[in-house]
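Scrolling down, you'll hit the structures one after another.
You will see two complexes here that share subunit A, one where it goes with subunit B and one where it goes with subunit C.
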Partner chain A sequence: MTTPLLEVTDLKIHFFTDEGVVKAVDGVDLTIERGKTLCLVGESGCGKSVTSRAFMQIIRKPGKLVDGSMLYRFKKDDGTDEIIDLAKLDPKGKPIRQIRGQEIAMIFQEPMTSLSLMHTVGQQITELIRLHTGATKHEARNRAIEMLQRVGIPKPDRLIDEYPFRLSGGMRQRAMIAMALSCNPTMLIADEPTTALDVTTQAQILDLMLELQNDYGMALLFITHDLGVVAEIADDVAVMYLGKIVERSDADTIFNNPKHPYTQALLRSIPKIAMQRDELEPIKGMVPSPFRRPVNICQFQPRCNQRFEACSRVEPVSTLINENHSVRCLLYEDVAAVHQADTEAVAHG
Partner chain B sequence: MWQYILRRFTYMIFTVWIISLITFAVIQLPPGDYVSTMVSQMINSGMDELPPDFEQEVRAQYGLDQPIYVQYYKWMRNIIRDGEFGYSWIYRRDAKDIMVERLPASFAISAFSVLFIWMIALPIGIYSAVKQYSLADYTFTLIGFIGLAVPNFLFALILLFISYKYMDQAMIGLYSQKYETAPWSLAKFWDLVKHLWIPVVIIGTSGTAGLIRTMRANLLDELNKPYVDTARSKGLSETTLLWRYPVRHALNPFISTIGWILPSLIAGELIVSIVLNLPTSGPVIFNSLMDQDMYVAAGFILILSTLTVLGTFISDLMLALLDPRIRLS
Partner chain C sequence: MAEQSSELGANNHTEYRFENINNLIEVRGLKMHFPITQGLFSRIVGYTKAVDDVSFDIREGETLGLVGESGCGKTTVGRCIVRAYEPTAGEILYRESGDLTDDLKKLRIHVHHFKADDKVSTGHAIDLARLSGKDLLPYRREIRMIFQDPYSSLNPRMTVFENVTEALKNSRWVSRSEMENIAGELLKRVGLRPEYMVRYPHAFSGGERQRVVIARALVTNPRLIVADESVSALDVSVRAQILNLMEELQADYKLTYLFISHDLSVIRHICNRVIVMYVGKIVEIAEGLDIYTEPRHPYTEALMSAVPISNPRHRKRSERIHLQGEVADPSNPPTGCYFHPRCQYAKDICMQQTPELQDLGNGHFAACHFAKELELRGAVMG
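What follows is the complex of A and B.
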């Protein structure tokens, strides 16, 4: 195993609302390898976007990073590594601002609202280039045109002076990608970058991102709920449910040998060509309200078709099935240990 | 773009014309006219024997016996052709002369008030939005609402008292006595500034609260937009990104309403001018309406309305300059 680029341990992000505390991210462990693609998969509201935002410390209020570490391996100019704990950086401070955009860049879901409609595409890209490289206006503009060309925008020297609302959705997302890559980031976070686009454009953007990853060799954290996309691009997959990673392995294993009942259910719910409409099997039940999540027991248990008696009393921990595959489910925990926890739970009432 | 300007300009001309019609009609609405006011004053002052057709003759002399549309036509014709706004029966002078005398002071006060409001309200609004629900946010909101709630005349009296008691100067009028008729000089201008701040602060504070709330609400909306996250993810400092993105977006609604501020400022100025004895338009409009001195009232209202419409036109242009969505669509 190579040394990971980013090693996240026990990340906790809570939202302190008037109605109560929402534990959006509740103890996430993740590793992202240099140059590899990790797909973070889960239903809406499971905390995958919030997790990715934590890496750049751009969590929205009233969200707060309350615990955990995010060790980022920063390559210095002299070739040596320096390990920075991103969790310890001040969200408004200079160190994290130097990482944003330059080391870690991000592409957002909605290209229409994620770009400012009152600034030209060029203004928004050159701003980033000039901020991190100290390039002159002219140099930054050339670099921006070069990037726009690279992401397949026709007539980039004219389009650079256009406003985003005059571009199609696909072109906007291309411009967004050009911006994110303009400072050659080591890691790129893409938060559902194709969700807002139509299907043909989705495929084009996806191909483009893979191609660029090959060229630039950056690590890619791809957030999606679309398992079809995952199959196409992922090296590794992490499945998230209610703020926790429930299963993590390489893409092959996840698709061919899924262990967690939630992952299995997710895979069964993908429509396939030549399938009858009524054969589709949705996951039963609903994602519980953020204020009424099960505590100290298995969180997926109410919707699970393999639950057994202990599931409603013991909280599963992350178990290594093999070196490269971890599952958070009682089915795979040491039976004795489960029993032990079981009796303890009974003893404590 | 040019089409947009041309369309706005046509609307503007049309609006001014409608306003002139309404103004003229409304001024005629109260029963009686200046002649009946005059006659009743003459009777009150002891003249019981008036010639039987006295009223008729005076009316004919002023053209008041003609139908209203003829009066309107002549009024408009004189304004457009000669720049004449008619005659003031009370002041026994041309209405135009009175307007030339009074309007500049009104505009000086209004312009400074707008500046004052913007300089105070925008930064506070921005600060309140960024530090939402903080002590400072609540404090500014409270002060703003007090400013809104205290009636202008009371505020004027309080400031008058303070300036008299602690600065040994009654801040009445716009100039000190020795400069009243003096020609323009730096000293006279300084004297004007020293007097001007009181009405500016009084008129300004009442407008500030509303603007703080609007700016705060606008900016709060913008602060949660995805493009702010994008800007932050680039590594911009909080201050830079705040000014460059959300504030820029939040300013648009203000620019489009600059033109509408004028009428409310003139209305606010009226009471303050009466209390502080300022030589502005407010008191003259008020008196002319009370005494049915119709050409003075109509002239002032027409000019102020025209300027309001013109202000709106200018804000439309500024908005087009600032917002590419308008400029390019």
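What follows is the complex of A and C.
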């Protein structure tokens, strides 16, 4: 295994609302490697977007990073590595500002709301380039045109002076990607970048992102709820449920040999073109309200079709099945460990 | 009132004849053009041809899928059928119900106060496109719509009970207790607890709200439901629940669905027949799986190749068809075949002549000059 670019351990982000504390992210462990694509999958509200926002320290209030570390391997100009804990950086401080946009860039779901309406595409891209590289206006403009061309925008020298609302959805998303890549980031976070697009446009954008990843060798953290997209682009997959990662492995294993009941159920519940009509099997029940999540027991247990008696008493921990595959489910924990936890629970209870 | 308008319908529309008695709806030459206005006096400078000369049938009891990318006019077709829009031209022939099952008859008589012999015999057609105002009311009860976003399609200031039964109030006077019974039954049927009907929509999750929306559509005992992207806003696990529910309800209530979606795998799952649209026109119609296994229009082929395959072992990025350029502008479409600027098989004739929908046998139609010659790839079925 190569040295990871970003190593996240026990990340916890809680939202302190008037109605109570929402544990949006509750102990997430992740590693992201250079040049690889990690897909973070889960249903809405499982905390996948919040996790990714934490890497750039742009968590919205009343959210707060309460625990955990995010060790980022920062390559200095002289070629040596420096490890920075992103969790310790001040969200308003200078170091994180240097990382945002330059080291780690982000693409959002809806390009219409994440691009400024009041500035031209060019103004927005050149601002970023000038801020991070100190280039002159002219150099930055040339670089912006070059990037727009690179992402497949026709007539980039004309389009650079257009306002975002004049572009179609696909073109806007291309402009977003050009902007994100203009400072040559080491890591790109893409938060549902194709969800708002049509299938043919989605296919174009996915191909483009992979092509660019090949060319620039960046790490890609791809957040989506669409398992079809995951199957197309992922090297590794992490499945999230209620703020925790329940299963993590390479893409092939996740799709062809999933272990966690949630992953299995998720795969059975998506309609596929290659599937017979009667095969669609929904997951029963629904995602519980953030204030009524099960605590200290398996969170998926109420909806699980493989639950057994211990599931409603013991909280599973992440178990390594092999060096490349971890599952958070009692089914795969050592029977002995379960028993021990059982007796402990009884003793405490 | 139902009595009146069916009489009126019978008088006015004897001239219409259905091509096939199994059809519930026959759409003929439907056009919906939206004017583009400019300046102080809203001078009309052009038309957006959202739907341009579209003809198709909806058979009774089937689920007809309508696919296409955003802006292709699929929603406009749906809205024309529920008559939320007044079509610019064309006919929407609707076959009045003559033979109902006993259950439905009872429901109609008791709940909707129809007379036992209220309906004209099977085969009488009404042109919905020409009706307006009050004459449309009985058909509004029979053709209902489900929208994409359950957050915005329910009135947040009305309880679930009020949302569901609002349509009943418009048809006749129903006592509160009777309405509560009806709403309770329906909520139970769609998988919600009847006690919840006093709550407001904000207390429900997306999937539950979509169930409420479905119950609301069913309350008038409809025959046709136009489902416009009805599962697109839902999470995957909930999406499967709603799809299964819609299939069950179809069997129970003998419903016909016009299922509008951009998601080919959802369409594959629920539909018996599929129509593909591109820039306001139908490019292909096919039965069952044919559209997936043997597409006959280059646009359908490209659409199929763009669908992500849910197995990393079947990745096919390299063979994917890349459509050049952007979707044509419906206010200024290209000459000839609207797809020709993006089509890899385009020849001279495609630039000059607009292809007609041609019959390829087995209920398969395609609007391509070379539909019979081209060998096109289908979706990966493995």
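Simple rule for what comes next: the second predicted complex is superposed on the first by the 344 of 349 C-alpha atoms of A that agree within 3 Å, B and C clash if a C-alpha of one lies under 4 Å from a C-alpha of the other, contacts with A are read in each partner's own complex, and residues count from 1 in each chain.
Here is the rule we go by: contacts are C-beta pairs under 8 Å (C-beta built on N, C-alpha and C of every residue); 3 or more make two chains touch, one makes a residue touch a chain.
Because the structure is predicted, anything quoted here is derived from the model rather than measured.
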Superposition on subunit A - do subunit B and subunit C clash or fit: fit
Partner chain(s) touched by A:L115 [first = subunit B, second = subunit C, both, neither]: first
Touched partner set for A:G101, first subunit B, second subunit C, both or neither: first
Touching partner for A:G170 - first (subunit B), second (subunit C), both, neither: second
Which superposed partner A:L210 touches (first subunit B, second subunit C, both, neither): second
Residues of subunit A touched, compared between subunit B and subunit C (which is higher): C
Which superposed partner A:G20 touches (first subunit B, second subunit C, both, neither): neither
Which of subunit B and subunit C A:P62 touches, first, second, both or neither: neither
Distance of closest approach, subunit C and subunit B, by C-alpha atoms in Å: 6
Residues of subunit A that touch subunit B when the two form their complex: 53, 56, 58, 60, 92, 97-102, 105-106, 108-110, 113-120, 124, 127-128, 131-132, 163, 165-166, 176, 179
Residue numbers on subunit A that touch subunit C, as the complex places them: 43-44, 168-171, 198-204, 206-207, 210, 225-229, 231-232, 234, 251-252, 255-256, 265-267, 269-275, 277, 280-283, 286-287
Subunit A partner contacts - residues on subunit B that touch it in the complex: 224-227, 229-238, 244-245, 248-249, 322-325, 328
Subunit C - residues contacting subunit A, complex: 69-70, 205, 207-208, 235-241, 243-244, 262-266, 268-270, 292, 302-315, 317, 320, 322-323, 326-327, 379-382
